[in-house]
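When the chains are written out, they are named A, B and C in that same order, and each has its own residue count from 1.
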Amino acid sequence: MSALDLASAVRSGERSAVDVIDEHLARIDARDGEINAFNLVTADAAREAAAAIDAAVASGKDPGPLAGVPIAIKDNMCTTGVATTCSSKILEGWEPPYDATVVQRVVAAGAVMVGKTNLDEFAMGSSTENSAFGPTKNPLDTTRVPGGSSGGSAAAVAADFAPLSLGSDTGGSIRQPAAFCGLVGMKPTYGAVSRSGLIAFGSSLDQIGPFSKTVAESAALLEAIGGHDPLDSTSIDQPAFDLTSVLDRGVEGMRIGILRELSGGEGGVEGLSADVIARTNEAAAALEKAGATVVEVSVPSATLGLSAYYLVAPAEASSNLSRFDGVRYGLRVDASTTGEMMTATRTAGFGPEVKRRIMLGTYALSAGYYDAFYGKALKVRTMMLQEFASVYAEVDLLLTPTAPTTAFPLGDRTADPMTMYVNDVCTIPSNLVGHPAISVPFGVGDDGLPVGVQLLGPALSEPTIYQAAAALEAAAPGEGSLS
Amino acid sequence: MTVHEPSLPEEWELVVGLEVHVELATKTKLFCGCENKFSHIPNTLTCPTCVGLPGSLPVMNEKAVEFAMRLGRALGCDIHPSVMARKNYFYPDMAKDFQTTQYDQPTNADGQLALADGTVVGIERAHIEEDAGKTTHVGGGGRINDATYSLVDYNRAGVPLVEIVSRPDIRTVEHAKAYVSELRDILLAIEVSDAKMEEGSMRVDANVSVRPTGSDELRTRCELKNINSVRSLGRAIEYEARRHVDLYTSGEAPRQETRHWDEEGGRSTAGRSKEDADDYRYFQEPDLVPLAPTAAQIAEIDASMPVLPAARRARLGERSSVADEVIVTVVERGQDGLALGAIEAGADADKVLTRIQNDLAVDDWSAVTSESLAMLIQMETGGELTATQAKQVLGEMAAGEHGGDPKAIAAAHGFEAMESDELETLVDQLIVDHPDEWSRFVGGDDGDSKKMQGFFTGQIMKATQGQADGRAVAQLLGQKSAG
Amino acid sequence: MEWSGAVSLGAMTQRITRDEVVHVARLARLSLSDAEIDEFTGQLGDILEHAADIEALDVGDVEPTSHPLPMVNVLRPDELRPALDRDLLLSQAPDAEDGQFRVPPILGEEP
């Protein structure tokens, strides 16, 4: 049952919210031991919240558009009095004294949090294997990764633990796991969703967005969490999107560009597997058949995205993660001086990937290297913005694969960081320029696992993106066969 | 320990630049709505943002920006579009382990400050930044290096500061002190800070070096910290300059370093050398957006700018012939408006100013108005009151006696100047009673004669209980001795 | 402190030296074992090698973009908001005393 059907059943009194929650908690109980989607299941609080929704319905109050819908929250978003760990030992047991804005908003919409989901430590990774609390497995094939870093949130929806979840996307951390788990995953325009209460990784790249099985559910959740927030200086001052009303408008007359550099074209990024490229081309054909005009376009600097990202994101992360020093919260490893205590705490508290990125970012910002690396990367962002702007003068949206391959086996890419990083090659450009992008399932690969294709648009083009995503979803082969 | 001479040998010249941190008198902190005030109860003026809790974000206080720009304009700076940056370093009082400050794009640049004697000191920049928390060292006599542990209070963390960086234009200790006094007067005049050095709302660091007189080189400088008063600033600079000269004359050279001024010991001591070698890895703060003040905003600030101390001094200087120090004092105390009003109401300018300087050195003089002061001075110049009586009446005016009305106060004391024949009778009697003293007054050398004039004046004042007019007495004694 | 990375920058063979890795770890308050230093020297070298495409770019007159949004002047009114409950704040502290966060002795001066 979709989130929207559940909400309307609860709103009408046809189903009790407590009943809905119990049903989902039972599924979590039965299978999360194997999947490890959750760092924490908040069963009691969820039942309490559901009972309150039922009471609201009974007393004739509006319980909100997502009334009684179970939702899983990535464990890098603050929840009052509920442990928020970023899947890191350094924050184990930390209970924030405040809620992230998105958490307040989903609760205000009537959704019920069922737990905090696993992630790559501090959202650094593409497989959810970098968690201090063990990897999450892909519910579609438990020998495979769910993608990352929001692997727990993706797995929770794919395993029907909750119809909706929230992830965060710094370089593809919503879209790539959505692709791997056969879900719809959306990274909104930078500034469209408040970051207040999201534990920062790369502040100029991070954005929270929804996971769901369908485009319509995704649109409904983004409507609920979007809109201006005075607590976030980078929040765009405009009302929340109206997305659900545009879903049935189709793509007739829309111009869609296949982005050559990220879709297996000549001179583009390497390493895209043939089945993924084939599904992307089929998606293009399907959009054309639905009335869109499809052309091939070029954004040459898109090939530089990976390099720019792996300088900008670690640089910001190295500074964002300085505060984990053992003084105010979280882990402390005692030592005889404060300086030694800080070093001992950070050394024991951070996992290897986090340390690697802190090291890389510290280096990129340090005296003598700033101009060669970080400074150059910022100029690449400018080039990309300019090139995307001229492409969007020609087309409404762009189409690319979401990830180079389908979900890979657990342990397959952990030895060499670069082989893991290239997973983000198609998703990174949208983060660097702050544009919205959605991953929609479109068929399966040679291994029978889902393939995701990605629609990219200019800043604040969410309505257009959802419109096209709905058309793509309708045209997707074998819809529903995987879930 | 070497005892240093108070001034430099003339072949050496002092080169000083000052860095002054000023706490802005906003209601709330720079990036959050916590109260900006001093509190003895630690960690009660805090929130997720100023304690650097994970997920918290800064939002800039518009009043702090306005105050900073107002200060910039008062110092003749150009206001530029500016950005905040992160200065990365680990220290327990810095809640995020980076300081949010301005680096290569400060709000205010290229100003100047004119001292009372006309000397102009260049201002390089006046930038916005946040204050740190406070550490208290426990055990070992409270000294940082002997403490057994330390305590951290974040009440002050995030308080808005402007750091005013002068050019190394200061050549004498007097000018350094005058710079700080002038700056304080400006801060008070434009009402952006209470500028109290003793309470830490104004903190002065001095960059000190010396060079052979006549050269224009800039030699190695040392940054002196922990200077708590204008007096200690003078001592610290003198000490440090002598130390440099001693090093150079003995064939050595100072090291560029930060040194702590030890007021009790009267010397500066080297801080521990920093392992991080000032590699602060500055980069633009991604959680804040740039400041881009419009021409209209700047014009508004200029239009609301009060008359600054330099102009206020000039205004009094044009109307009087008293010594500069009198005017400096009156303006410093903020009594120039009172003086100007009294002068414009017709009172003698020099008398008004000297009377204020001598007899109105009180904290609260709000009961004295320009009109009542003018009346008092006119009573004095008109002979209705003697100088001594006028002083007493002014004191009671300030205390608010009799509604601050000088006539009522004088009447209550029965003050009225003695008629001159009454006075003459008294003088004649005194000459008869003290013939020896009289002949010494008439015939003695200058010194002795002066002494005897004092004797007779004193006797007359004693006899009249201070009601005689000093000038009339002097005149009378002169006439008698000549006649 | 000497660290000679600047001269090796252009060299393809070694993007980052062992000494630089040690220096960066110290800046980042991380303590690395010898094996980790070796591992990071290799891995960071690989990543920087990949970034050679950017390093080689001639982007002289391109303005840097720190931020994807063209927003300016986001300010809040100077209005009080309630403070956090101190007991709640300190309940998360690894060590606290007298309403303050307690830390081991702080050696060295404030930066």
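We take it that contacts are C-beta pairs under 8 Å (C-beta built on N, C-alpha and C of every residue); 3 or more make two chains touch, one makes a residue touch a chain.
Computed from a predicted structure; not experimentally measured.
Visitor: With centres defined by CA atoms only, which chain is the most remote from chain B?
Guide: In terms of C-alpha centroids, the chain at the greatest distance from chain B is A.
Visitor: Counting C-beta pairs in contact, which comes out ahead: A-B or B-C?
Guide: Of B-C and A-B, it is B-C that has more C-beta pairs in contact.
Visitor: Just the number, please: Cα centre separation of chain A and chain C in whole Å.
Guide: Taking the mean C-alpha position of each chain, the two centres sit 24 Å apart.
Visitor: Could you grab the centroid distance between chain B and chain C? Build each centroid from C-alpha atoms only and quote it in angstrom.
Guide: The answer is 40 Å.
Visitor: For chain A and chain B, let me know how many angstrom lie between their CA-based centres, rounded off.
Guide: Between these chains, centre-to-centre, one finds 56 Å.
Visitor: Give the residues of chain C that touch two or more other chains, as numbers and ranges in rising order.
Guide: Touching at least two other chains: 27, 29, 66-67, 69, 71, 74, 76, 84, 89, 101, 103-108.
Visitor: Hunt down the residues of chain A that sit against at least two other chains at once, touch-wise.
Guide: 94, 97, 204, 230, 233-234, 318, 322, 325, 327-329, 338-339, 342, 362, 366
Visitor: In chain B, what residues contact two or more other chains?
Guide: 48, 51, 59-60, 90, 92, 150, 152, 279, 281, 283, 286, 288-289
Visitor: Residues of chain C touching chain A in their complex?
Guide: 5-6, 9, 16, 20-21, 23-25, 27-32, 36, 40, 43-44, 46-48, 50-51, 53-55, 57, 59, 62-69, 71, 74, 76, 84-85, 88-89, 92-95, 101, 103-108
Visitor: Within the complex, which stretch of chain B touches chain C?
Guide: Chain B residues touching chain C: 26-28, 32-35, 41-48, 51, 59-65, 81, 83, 89-93, 132, 135-137, 144-145, 147-154, 258, 260, 271-272, 274-277, 279-281, 283-284, 286, 288-293.
Visitor: Using the touch definition from the top, list the residues of chain C that touch chain B in their complex.
Guide: Contacts found on chain C: 1, 26-27, 29, 66-67, 69, 71-84, 86, 89-90, 97-111.
Visitor: In the complex of these two chains, what residues of chain B are touching chain A?
Guide: Residues 48, 51-60, 86, 88, 90, 92, 95-98, 150, 152, 279, 281-283, 286-289 of chain B touch chain A in their complex.
Visitor: Touching residues of chain A toward chain B in the complex: what are they?
Guide: Per the touch definition, chain A meets chain B at residues 77-78, 84, 86, 91, 94, 96-98, 100, 195-200, 202-204, 230-234, 315-316, 318-319, 322-325, 327-329, 338-339, 342, 362, 365-367, 370, 374.
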